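Chain IDs A, B, C, D and E follow the sequence of writing; residue 1 opens each chain.
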Amino acid sequence: MIIRDQPTPLALFFTMQGSVVPRILPQIIAVTMLSAAIILVDRLIVDLPGISLSAIGVFGVALSLFLGFRNNAAYSRWWEARKLWGALIGDVRTLARHTVIFLPDGPDRAQFLKTAVAFAHLHRSFLRGDDVANDIAGFDALTRARNPADAALRDMGRQLARMTEADGFGRLAIARVLGDLGMSQAGCERIATTPLPFVYSLLVRRTTYLYCLFLPFALLDAGGLLTPLIAAIVAYVFFGLQAVTNELEHPFSDGSNGLPLSAMCRVIEISVAEALNEAPPEPLQAQDAVLM
Amino acid sequence: MIIRDQPTPLALFFTMQGSVVPRILPQIIAVTMLSAAIILVDRLIVDLPGISLSAIGVFGVALSLFLGFRNNAAYSRWWEARKLWGALIGDVRTLARHTVIFLPDGPDRAQFLKTAVAFAHLHRSFLRGDDVANDIAGFDALTRARNPADAALRDMGRQLARMTEADGFGRLAIARVLGDLGMSQAGCERIATTPLPFVYSLLVRRTTYLYCLFLPFALLDAGGLLTPLIAAIVAYVFFGLQAVTNELEHPFSDGSNGLPLSAMCRVIEISVAEALNEAPPEPLQAQDAVLM
Amino acid sequence: MIIRDQPTPLALFFTMQGSVVPRILPQIIAVTMLSAAIILVDRLIVDLPGISLSAIGVFGVALSLFLGFRNNAAYSRWWEARKLWGALIGDVRTLARHTVIFLPDGPDRAQFLKTAVAFAHLHRSFLRGDDVANDIAGFDALTRARNPADAALRDMGRQLARMTEADGFGRLAIARVLGDLGMSQAGCERIATTPLPFVYSLLVRRTTYLYCLFLPFALLDAGGLLTPLIAAIVAYVFFGLQAVTNELEHPFSDGSNGLPLSAMCRVIEISVAEALNEAPPEPLQAQDAVLM
Amino acid sequence: MIIRDQPTPLALFFTMQGSVVPRILPQIIAVTMLSAAIILVDRLIVDLPGISLSAIGVFGVALSLFLGFRNNAAYSRWWEARKLWGALIGDVRTLARHTVIFLPDGPDRAQFLKTAVAFAHLHRSFLRGDDVANDIAGFDALTRARNPADAALRDMGRQLARMTEADGFGRLAIARVLGDLGMSQAGCERIATTPLPFVYSLLVRRTTYLYCLFLPFALLDAGGLLTPLIAAIVAYVFFGLQAVTNELEHPFSDGSNGLPLSAMCRVIEISVAEALNEAPPEPLQAQDAVLM
Amino acid sequence: MIIRDQPTPLALFFTMQGSVVPRILPQIIAVTMLSAAIILVDRLIVDLPGISLSAIGVFGVALSLFLGFRNNAAYSRWWEARKLWGALIGDVRTLARHTVIFLPDGPDRAQFLKTAVAFAHLHRSFLRGDDVANDIAGFDALTRARNPADAALRDMGRQLARMTEADGFGRLAIARVLGDLGMSQAGCERIATTPLPFVYSLLVRRTTYLYCLFLPFALLDAGGLLTPLIAAIVAYVFFGLQAVTNELEHPFSDGSNGLPLSAMCRVIEISVAEALNEAPPEPLQAQDAVLM
């Protein structure tokens, strides 16, 4: 995730970091050149059939609505994913607090909370494919399970079952927090394994291409010599929004718009270390304005 | 559900899998031919009364808003259905964990969790009409009930009532998870049995047809010879969105946009098998990019 | 609620069931005739002052947004009402399961669950004015209360208080489900007694009328001889959406878009009968495609 | 809150009750007169610079979106406030039921529930400034606190703490309902003390004024002699929506769109009276179609 | 947060407090001057290529939708932050009530609740960078932790663990409220540390600049001599909405649209003081209409 200030107006147009321009440059160039070619043919060779701008205007309104919907849906996924990780952080802290309230201090408690940290790393590994071998030292056995993060939670359940000093209230309270952690995990898995419906994506992308193909004809008279420039900008706006949407649709990617899973795992490590009276590690810092 | 990468720009227009084009081809062809016929009559036989494009523009804005609403509503149903199944998965895992924490290991526990797996299959059978006889071996008696999935949950309640070794805390915690499973089940049943209001669907479909019937008249002057092509594209956009909406409205269909209920039942089987220290089955794979 | 397949394109325009056309026919006819009269006066008698279509276009955008908002709000009410009844069904099933887990089998349990069925019928009677005397045989005393459904829940509380064999855990779990039932009930009462704000409805309706009054003037030049037809269609779209909205705003009406409260009460009866090992009644079927 | 049927089409334009027209009449008149003046100057004295309607069209789309957003936000506040009061009603009923389940019958129970009624009145007094001295007879001491409604809940906590016959389960269940009441209370306080952001309101209002100032210039050619009438209607639509929004933004006002807090407090009184086997008071009736 | 009445129509255009005009003045001036320069060049020196307004109209619709989305997202963040603080207030009051119900009166209880007040101040300090040294007298040790607010909650957990007179029910109920407080805290941290996606912000800002650069060309013919004025207003609307959005995106800023964290901490102090029968402090008052 990019963490940086808004660029100044001047820098705005030359900032490439976090921009979608590199990815949609082929489309922008194609639309611009097509547009220029159409203008040249129309002016020098043969009159091309023009379309009224209004005709394409309704089309543009529909396209805006489609892209707007997709954008809303993608952003909701991204923000829900962030909420689920926020809940994960809160739940691990609650777990640390609950063990203080309901369990005696001791090695059992430390092992229990460290399994929670391993859970977070294993969950991150599932979502983003990170290699977390170094982060889960001592918990390698969990990776043998099909779903290692679920195995970590199950292992915590087993540890809790073995703690004979825990009374019913403590088991009830702690088991519920484990349940909440599991629901947040299942929510993230849902987002990671269920893309936006393919059919929809097909419709929107085809419409965008068709719109950009027809636009130059509509601009033959209305746009004048600025036509290629206008076509380029329209292509930037519509293909750009589509590219943004594709990024936000996958909140667990390691791209510049992915959620900072590593940094959030570190926040969990810090909370657990402090709860165990151990020296907490440093928070992760953004590298080149990108927080992983 | 289709699981595949975005097609390249070139492949985009020839991909038929997951596309709505086959289903709306009659409408597209009808609109195109009507449009061509109107142009020919107007140019060759008799001047037809034209309509200003602006007149039809407001109409188009209204139609975009209608379709946008229907699309939002349908997608919300689809996504809510996915959320409910995600919650089902999380709840079964919580059930497995709770039985570890609150119940002794043994055959009762295995039977209890296997009933949960049968519940998932029976629920899938209700929603999608799947034949699940092979998946619920040993639980055939449940299918005699009007609502077999509800019967499975009730049976789990009876098993829990018979486990004398479970204390009040355990019964409280496990009964609550059964309640959560029942609420997710009721939520899916709600979506499956309650379509979007019929009156609304009538209004939107009629408006789409009327719009496509009038568009050629509005394009008589503005669209020029490209009129049939424009009409075809507009028909593609509006009928296409309507077809997408009809698919997403029914998230439990077995079409290419239906939710992968079988694959999710398999995820539940894997979680339960691992919780019982049994060999988990393989996850379901997509066949021809379609995950069932 | 209408339960039927989408009509074919041909049948689409002649289906009257579930259509709003009968209710808005006076408005459509009035607008069409006004429009025709204006055209005739303009062509035959005296030039009427025209308005540019763009002038009325902005107006149309605003109107679309207003109607879109009202439609969203009305549909949300309708869907929330359905969610609340879905929760009611799930909660009664949970109640049946909880009584198995926490209470001994016996007449007390049957009486308790049958009071829950009576609750559902009394709640339906409050919402839709149904005569439920036959459905609540044995529970007539409850109807003497101001809020009979609330009285049914209170009576269940009293029954639970008298069951000395229920331990604290059981009472806690069951009392909580009663609380959930009460919240769903209060939610339905909220929707039934609180219409959308009157002031808003006044603004939208007035705007629709004004728009349809001015449209013919704007179409004087742009619409040509098709003007009355266009005006009729626009009236159909805008008055139609308004009529749909008015129906969905009241999800507990017994019209063709009201929720099938009777059928849902029957679902509850079936679940309770099965939980008590009694023969369940048949599910309600749609009559002429309408499920009550 | 106004409770009345939709007026007939004819009555629609002359209904003043609940209409925003009286409040925005100055603006409508000002815009109409400005418009007429501009037309006169343009026709009789000197050609004024016209603006193309399209130029102002984009502006109109933006304004529609702004007002649409504000309207959504205001309605959400209004509806959330109604939901919170609905939850209050449901929670007081749950409290009544819980005291039956967990507490012995007797004067303690009556006092406890009557404090809940006082809580509702005190909360209403905070939100709407009502004088509730008559409604809280016997609980005047609570009004000495900074937040009397919170003091009522705290007093209920103290009463519960003193009831030695209540076991842990009862205290747990009842304390949780008190917590829910407190959260609903805090939610209403949030809505009452936090208006929509001032900066936003400034932007929208200024834009509306600017739009209405420029509109006459854009209508110089397009609107013809109907210009003042069109300007008046546009002013009605945009200022009207703004006025509606301002009303709904404050759901606890005692205006004609405020929530019927007194009637809802009466519903609570009825529920508590019936739970205590006392004669319930009559429900409040609307006076001149306004329910307080 | 600005707390003041709506300005009168006349004052509306001269109110600078809370207005975004000062911040976007450079952009407005730049657009106005560019526009004037283009007009002058076109009229006096050389005919510039014009663009049809419709061409830029679609662009404007897209821009409106983008800004609308960003605005919705930013306002949702702002309102969610307010909700979380409202929940914080409610939870602290519940904590006060719970300690009455479940704990004996005494110094332990006072210390416990005062730690909750310190938690609120430390949380505010994290979010807004406030110096809260004076507000947390006696709790300075907490600031040594990486996350002092989390440390305060953990300390409350330790205090609760030491209270031997608290039974299981009390520990269960109070531990759950601590969990709720921790979730609200994590929610605020989420909003504070996760800006809206950078890529999106880049796209919207670039589009706004491009739109304002091209607008003068489109207004060459349509806008006439009023072109610079129209351009200035459009710049005001679009840059203004962007500036509003930037403010609301950061609900914990100390600007005039930031949430009144200090005032809400004071509300918490008052509730705790009253619960402890101590003299409550005065509520914070707005200074120059700004409540901090």
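By our rule, contacts are C-beta pairs under 8 Å (C-beta built on N, C-alpha and C of every residue); 3 or more make two chains touch, one makes a residue touch a chain.
Not measured: the values here are computed from a predicted model.
K.L.:
Between chain A and chain C, what distance separates the C-alpha centroids? Give it in angstrom.
P.N.:
From the centre of chain A to the centre of chain C is 37 Å.
K.L.:
Averaged over CA atoms, how far is the centre of chain B from the centre of chain C? Could you give it in whole Å?
P.N.:
Inter-chain centre distance comes to 23 Å.
K.L.:
At least two partner chains per residue is the criterion; list those residues in chain B.
P.N.:
54, 57, 61, 65, 68, 168-169, 172
K.L.:
For this assembly, give the contact graph shape among line, ring, star, complete and other.
P.N.:
Drawn as a graph, the chains make one closed cycle, so a ring.
K.L.:
Round the ring starting with chain A, chain B following: which chains, in what order?
P.N.:
Counting round from chain A, the next being chain B, yields A, B, C, D, E.
K.L.:
Would you tell me which residues of chain D are touching chain E in their complex?
P.N.:
27, 49-52, 54-55, 57-59, 61-62, 65-66, 69, 73, 145-147, 150-151, 153-154, 157-158, 160-161, 168-169, 171-172, 175-176, 178-179, 182-183, 185-187, 189-190, 194-195, 197-203, 205-207, 209-210, 214, 217, 246
K.L.:
For chain D, which residues are in contact with chain C within the complex?
P.N.:
Contacts found on chain D: 1-4, 6-7, 9, 12-13, 15, 18-20, 53-54, 56-57, 60-61, 64-65, 67-68, 71-72, 75, 78-79, 82-83, 86-87, 89-91, 93-94, 96-98, 100-102, 167-169, 172-173, 177, 218-219, 221-226, 230, 233-234, 236-238, 240-241, 244, 247-248, 256-257, 270-271, 274-275, 280, 283.
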